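Below is the structure I would like to discuss, written out as structure tokens.
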């Protein structure tokens, strides 16, 4: 696999000459089509790295692991376009210094993997711009399409049913690169803003609070959806929020490292005159 | 239980004296409580918090507890008034086997807010003073203001049958401080109590316990004669919720009182 | 000659059990997930899946359980206990690993202080297991010295027939016998060969692993950091596990009224052991993963003589980053040699 070999040799070179202390990528998983995150720290270990269309998870969340980048050394990481957008957001929100990150960008259509040109965060603005201008067809996601046809009462009933399965495991939060708060709002108990019980109210509170906290920040990587053990289609809520934010503020998350977070900035042209 | 007494020990540290409202509950307590046991004190709507029972087994008409206001439940307890009702679940856990200490000398070593559990044992022994040999108490806090049970410290100071060694951390002394200055393990080594026929009871923050155990070993104490109490995070108190599990013990059921020998078998990293 | 329940009679049995006062439950599939749920008719069952996504534990230890309600009016506190729900249940088509999970947790919930919520439900439920004839890549019951036809925790074991027309009935407990007495007329005496049980390859040598874990020198091994680097601390594995049982107690309400609840919690969560002082004994994810493995295969069996794992494989199946007990124990067994 040419693309895999190219990046593998590149990883080996960077590790061998000390340009990076670690390469975060994918290695084979416990079944033929599973891939697991791997943290390669030496030339020999680099043979574990694989690259194919099954490499789906957004790995950028590992970049904000406590202490990883505090020694100011550099780390290389395999990222898809949405992963690069997550990286931009993390930088814009001052969670990391992009000079420490070398990007191994890639994308896939069907089983074909293509490498993205560029190594540093600033080099992908054209790519991200074109993703913004060319959103996927609504009909390509049947469930999304189905929900779009519902009226508000039907939608509420749909989500009530979906959330009834939530067991408050917080896998959605842990796997999301944007959820990096040292103490999440659900873990605060003075006061206990959000209940930890999984009854209807507790489940709505949690999922809706998280959706709001991600408004204008979610890049649609799907980590939350894939990690939910009870298969709640979380990507749809966040996708809808992203759409609302795009319509209201022309804000597409992750365009650059200087993009201001949409809900943390105010412009005179905003339709509301105050925070609410 | 009803709060019948309330006392400020140190900045942020309060003692509450509680009385049972239900005579059956009180009878049950009198039958089961031994020094070293703990309870879960709570306020409905806020939750429950775990502290030791700071009053001795020789005085079971009431329960005293001492805590530092640091979180949601402790803040609610600190703001409660005399006459207010709070919840108590317990007593749980194991106890200090003080009947085995009779005829021996006793060494109590404690630091800061960890004096309460030790104090329960101290009074349980002092109330039966003739059964025990020499009593030495080594207690220290960060500053003079942080010493708890100041009135009782004075009382122990004035008794001829107790050897009290008080210390504050370097920098914590006040201009009129006449006692020692230094960390508890260092002061302990200077006092050099004899390990002969002596039981040591220590309680303090994890770091203090670690260094005190080293000092006691240096002084010649055997690990089976050194007792400590572990104050882990607990929730149910009855060995079900898993929070206090350290190594192969559940602190709420097989503790909180352990000998130093038992503690050395626990994975140190998890304490 | 043995007693056979032919599948065309299953609906009659369900109706009979319902009129005998049982709520009948079993594996039910919806489009995106499967769980043990209440059924109206036998056609609601999905007995073809390897095992439901959600474990049986939820039927005995729900995610959230109200313990008591309090109301406070002018210094007078009234509390009202929530009694554990009573009501007979017959859970049909349980997988042997799930049933074994129940029998693993029984000694913990009964240790000294009996958890009435657990035992009321246990006593009210009849567990009818069906031996597994197929497994997937994640099943590992045989590595835990169990089997696709284990009887632990079960009241009746049904062995699928080779021609798939029904099951051979094996009565294991009095509770099971009583429940099957009510449907005796739907059973037949016959000699039907049973299908071979699923082949579940052994993934690791359990004894080797346990010996390594019991060695105190390995507590600080570098292995723990390496194996858990990708763990994101999400709690999925603990929540789906049929034997994990850690919980939290929370008061929901205000100064005047509310409910005290028992909610699931997980040792994988960062704040699980956080002391109010700010000291957290298990502050790294590797320490938390180590606790999980040690608790399941060293501390729990040390107390209760049974490993806290029944080999269902849900942890590995569901893990968002493809970790799980299997990978860890496989690596441990290579370390020892």
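Per-chain numbering from 1; labels A, B and C assigned in written order.
The rule is simple: a residue touches a chain if its C-beta (ideal position, glycine included) is under 8 Å from a C-beta of that chain, and two chains touch if they have at least 3 such contacts.
Because the structure is predicted, anything quoted here is derived from the model rather than measured.
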item: Category of the chain touch graph - line, ring, star, complete, other; value: complete
item: Centre-most chain, if every chain is reduced to its averaged C-alpha atoms; value: C
item: Centroid comparison with subunit A (C-alpha atoms), farthest chain; value: B
item: Chain pair with the higher count of C-beta pairs in contact (A-C, A-B); value: A-C
item: Between subunit C and subunit B, distance of the C-alpha-averaged centres to the nearest whole Å; value: 40
item: Computed distance of Cα centres, subunit B from subunit A, in Å; value: 49
item: Rounded Å distance between subunit A and subunit C, as computed from the means of their C-alpha atoms; value: 32
item: Per-residue overlap in subunit C, given as positions that touch at least 2 other chains; value: 248, 250
item: Touching two or more other chains - residue numbers and ranges from subunit B; value: 47, 71
item: In subunit A, residues with contacts to at least two other chains; value: none
item: Touching residues (chain side subunit B, partner subunit C) in the complex; value: 42, 44-48, 70-71, 74, 83-85, 205-206, 232-233, 235-236, 238-243, 245-248, 253, 265, 267, 269-271
item: In the complex with subunit A, residue positions of subunit B that touch it; value: 47, 71-72, 75
item: Residue ranges of subunit A touching subunit B (in the complex, touch as defined); value: 189-190
item: Subunit A contact footprint on subunit C (complex, rising order); value: 32-33, 53-54, 63-64, 137-138, 229-230, 232-236, 239-240, 248, 250, 252, 261, 263-264, 266, 269, 271, 316, 318, 320-324, 326-327
item: Contact footprint of subunit B on subunit C as seen in their complex; value: 70, 72, 75, 77, 79, 108-109, 111-113, 115, 216, 219-220, 245-251, 253-256, 258, 260, 265, 267, 272-277, 279, 281-282, 287, 291, 295, 298-299, 302-303
